[in-house]
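Both complexes below contain subunit A, partnered by subunit B and then by subunit C.
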Partner chain A sequence: MRQRSIGGIVRPKGWHNVLMRGSLFLVLGLFCLYYLFPLIVMASTSLKSLAEIREGTLLSLPRAITFEAWGKAWDSACVGVRCDGLKPFMWNSVAMAVPAVLLSTTLGAINGYALTKWRFPGADWIFAMILFGAFIPFQVILLPMARTLGQLGLAGTVTGLILVHTVYGLAFTTLFFRNFFVGVSDGILQAAKVDGAGFFRIFFQIVLPMSIPAIVVTVIWQFTQIWNDFLFGVAFTIGDSNPVTVALNNVVNTSTGVKEYNVDMAAAIIAALPTMLVYVVAGAWFVRGLSAGAVKG
Partner chain B sequence: MADTPSLRLRTERWLERRLPQIVVLPLFALSLFFVYGFIVWTAYISMTPSRIMPVYDFIGFSQYDRLWATPRWYVAIKNLFIFSSLFIAISMVIGILLAILLDQRVRAEGLIRTIYLYPMALSFIVTGTVWKWILNPGLGIERYMREMGFENFTFDWLVNSDYAIYTLVIAAVWQSSGYAMALFLAGLRSVDDEILKAAAVDGASPWKTYTSIVLPILRPVFLSTVIILAHLAIKSFDLVVALTGGGPGYATDMPATFMYAFAFQRSELGVAAASATMMLMTIIAIIVPYLYSELRKTGR
Partner chain C sequence: MASGIRLSKLRKTFGSTEVIKGVDLTIEPGEFVVLVGPSGCGKSTLLNLIAGLETVTSGEVRIGEALVNDTPPRDRDIAMVFQSYALYPTKTVHENITFGMQTRRIPHEAQQAALKEFSKLLQIDHLLARKPGQLSGGQRQRVAMGRALVRKPEVFLFDEPLSNLDAKLRISMRTEIKKLHQRLGKTVVYVTHDQIEAMTLASRIAVMDNGHIRQFGPPGEIYEHPVDLFVAGFMGSPPMNMLPGRLRRRDGSLVFEPHGAEAELHFPLPSEISDRLDAREGAELVLGMRPEAIFAAGTELPGPNRFVFEKTVEVVEPTGPDTMIVFSIGETELIARVRPEDAREAGTRFRFEVDLSKAKIFDAKSGQSL
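The block that comes next holds the complex of A and B.
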């Protein structure tokens, strides 16, 4: 975000100003602590042994750091009846998220392009109707989707989830690309049309190269949404095909055996790692997606 | 011959001209089937006696009568009301406060923003897992305070049916208030500097500048933030499952978990479909007027 040439409202005015700046940073710092607190607790708990957890408190830092809980969460914690940790479920999530993100982004790009740059009668209506799909509570499509997946022979499969996420991601991706293309001048496209370039040639040679920002925002948004999804995962998959969010919930909420809080915390961090990484590497794009989604909810 | 292009050429031209429609059509068809078709199906099922399996005999609105005669549904509605009003109000207050503070030419603004917003990148399941641990009476904050010497300190909201709903507010605010901050900050940054300069020249105090100039300009941002947060609240499902599991009992049930329980655990498809339809109606009542005005504004 751009910096203003004139500062905010607090202006330099001697010791009074120093006091104001001081309390400003104090408040901002306290809120930093507030947001970081759960992350710190999660990390420190995951590095403790179970005995140490029972003796200490939430805030006591690990005395003897051990990565045992991490190892266990990754490949031997029990998820339901299966005891090889989150590893297989992480792969399910990857196998689900990567194709679903690519498919929904590609289709959204073509859709947004056709609807804004090749306007035809009714294009606005079609867009509005597609956009509505971004707002529906998914409970309303849960039952028919479960049936449809069953009839397609995709019930309980990762492929089924890819289909679901692609279909319901399309409303968002179309919105993102439409908003981007609306701001692209028609001049170049008109020139290309006059030169005889067709729909797809203009798309691949002119439009796509200039839409990199929109592509990045869309890919990040879709990846975060799909990776973090729980509802579709829990409703449409069983056991072995669960995505990692569902597996994590199963690890944490099993009532059998000794509660291993350190393993729960390590598992939570592992499940959160991919989207956190994307956020740290591409935070600015992530924020852009969030504000681009302001019209979307 | 030159005057009448061959049939093949004409077909090609026609295809070329219609290509945009031909490309959009299947995608539009997907949306018609998977969104509108499915909504119609669910709405119809809500008017049938379906239990384990869908049946298609029309029985009118009696499933809605059953739904509204279910005490658990009232709990879910009441919870949704408590949860969304607190969640929206607190997130907005924190969001606007942080946005204004961050707008004071703060050093390390980028870092602070990153910290405020990272919970949005997390799954609600992760958020629920952590807060469940922090709020656990035996091991979390309560235990910590007792070890600190406050031996009568009690903080058992998570397992107390009267207060468990507020733990959802705590976790949800933690996750989403940074989002509200980001939206407000973007709004503040779009306020014209000249207006602020003019106010400063006129000798307006910072407080007055914000309350009587900046915030009124941000009214549209307030509206869209409320809508976005309300939308999040109505759909909240994952957080409930991960943090309280809807419990104790069904004390923290929400419409989304109610629908899931009736559809997949209690085999009451008709009631589940009726509750899903109620949710859709609520969203439509909020979203459609908003979308309509948004789309008109951007001059689609």
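The block that comes next holds the complex of A and C.
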């Protein structure tokens, strides 16, 4: 696969082309370094002991690598008054992000499918209004949402947070899927209708398998948004039901004398790991979906 | 027993453009009707209306005796081959073909039997495990055919199902379709741009133009007795020669005088035609002559109503069995179909003979056959 994708490119030869390519890679390398630098500093600090941090500079690499800070961040750092590390809050985030991503993606897919392929009077209007939802800033919905959650008896719970993220994400997921389905030929759906399939059979057996690229993009987007969200987490949960982003903030702000930079850095990386995992796993699916010619009629 | 189809006063508008402008068509059960017409005249739209993939603006669609205006496609017992193939891209050829049977819960063994029968017939049995993206255009088209055929519904709708096949495969598929129709006896509506396909397959041909049906009749009738200039010009390849001119009386009998021709070139009209035109002396007319009605003088057995004239050969186009000779009368280019051994080089004078008993006369203004 990799061999073939490079072999297929025809490019000119000659010394000035080599020079051009060389300088191109130099510039790209510099950009790479610029973006990676904070991560490198974080990773190296998290592997140092407190003593070493105090002696050395920010940029120096760890002399003796220790995972002490990682262990502490995971299960014994103090978050407010509770000293169990980030562990319980990681599970809160997982329990929130996974259902919220699945729900908002599924509903968005059905919305997009109905809006493009089963057109009904007023479909454009409804789409315009859903789209409007994508432009509403977080802050605007804080108070009404808090009130709604209170009425529903979901205030301060992970379930409530799932509801908030699902509803808020719907505008984006609908937009993604609608734009994808607009490009799917109507002929395929007509053929399926003649073949005797109805709304949901066409959706699950014909349309959904074609939309893997759209699903992957939506899942990555939604997972990143929901996992990294801080504002909704802080506003709608309390103490034990906090997502990891809020807990991370509390770890950093809970000071008992000395500032433990290594623990803070390790905690930050731990909190960010799941999103990276989703990029890698879903990214592989994305490429596979594209190269399987999924959209080719 | 197959179902017939009856369309009455059928109209379809998209936004403000009317695409089907009042179509009346009665198709008998088990009939093979071929729809022909220029690109964009509404053939696919008409099929979609019969299939239930578009809503009817006004008028009626009946399949069998039932009015199906508001019946969704899945309940109409039809199968369709789409102009764009419309295969399911994520399903294998096998799954593409059996999907319709699955949704209708046909027993597994029956599905396999049907799949086997038709994949063999269509020569796609070696492709069953592939996805549509890995097939050539012609292979996709055959898969689309297979998907429609396996279900054996009451009515088949084919939208140019053979347009992407090579010439040889097309001829053999044509024969297969005809055999299949004779065996299954189902009603077929078939769209094609191929003249020969239309002539060989159809029990009746419907010629469409701009949302109307111009003529509906057996292939022989469409070819021999076109109702107007449009049908005459559309059917036949190369098309009928259309020579504009005027009706004149010479030495007591009616003759046709082409515009812009030298004085001695006037076609004597056979009595069957001139009897009908007696009162129309001086009228603007169009004389229609099929290319095969013009040949090299003296090469056919003599008969009545022949007329011989001499013209310069302009272009020679050999097609194999026949050679086409292009020449002009006045401003109009005409084509004669001669045997290859009678053909002469471009630029030479040539004696043509025309069989006027096969000629048609049309009114120049209305285009109607007279």
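Here is the rule we use: the second predicted complex is superposed on the first by the 249 of 297 C-alpha atoms of A that agree within 3 Å, B and C clash if a C-alpha of one lies under 4 Å from a C-alpha of the other, contacts with A are read in each partner's own complex, and residues count from 1 in each chain.
What we mean here is this: a contact is a pair of C-beta atoms (placed from the backbone, for glycine too) under 8 Å apart; a residue touches a chain by one contact, two chains touch by 3 or more.
Since we're looking at a predicted model, the values are computed, not measured.
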- Item | Partner chain in contact with A:Phe138 - subunit B first, subunit C second, else both or neither | first
- Query: After superposition on the shared chain, which partner residues are touched by A:Pro209: those of subunit B (first), subunit C (second), both, or neither?
  - Reply: second
- Does the superposition put A:Pro38 against subunit B (first), subunit C (second), both, or neither? first
- First (subunit B), second (subunit C), both or neither touched by A:Trp221: neither
- Query: Given the touch rule stated above, what does A:Gln190 touch, subunit B (first), subunit C (second), both, or neither?
  - Reply: second
- Who does A:Arg201 touch here: subunit B (first), subunit C (second), both, or neither? second
- Message: For A:Trp70, using the defined touch cut-off, is the partner it touches subunit B, subunit C, both, or neither? Pick first, second, both or neither.
- Response: neither
- Touched subunit A residues, subunit B compared with subunit C: B
- Item | First (subunit B), second (subunit C), both or neither touched by A:Phe180 | neither
- Go through subunit A and flag every residue that touches subunit B in one model and subunit C in the other. 198, 293-295, 297
- Task: Within their complex, state which residues of subunit A touch subunit C.
- Result: 185, 187-188, 190-198, 201, 205-206, 209-210, 292-297
- Note on the structure: Interface with subunit A, subunit B side, in the complex: residues 16, 19-21, 23-24, 27-28, 30-32, 34-39, 41-42, 45, 54, 94, 98, 101-106, 112-127, 129-134, 139-141, 143-144, 147, 174, 178-179, 182-183, 185-186, 189, 193, 196-197, 200, 206, 209-210, 224, 227-228, 231-232, 234-235, 237-238, 241-242, 245, 255-256, 259-260, 263-264, 269, 272-273, 275-277, 279-280, 283, 287, 291, 294-295, 298, 300
- Item | Of all residues in subunit A, those that touch subunit B in their complex | 1-11, 24-25, 27-28, 31-32, 34-36, 38-39, 41-42, 45, 53, 57-59, 107, 110-111, 114-115, 118, 120, 123-124, 126-133, 135-145, 147, 167-168, 170-171, 174, 182, 198-200, 224, 227-231, 234-235, 245, 248-249, 252-253, 261, 264-265, 267-268, 271-272, 275-276, 278-280, 283, 286-287, 290-291, 293-295, 297
- Query: Of all residues in subunit C, which touch subunit A in the complex?
  - Reply: 48, 51-53, 72-74, 78-80, 82, 84-91, 99-100, 103-104, 131-134, 147, 151
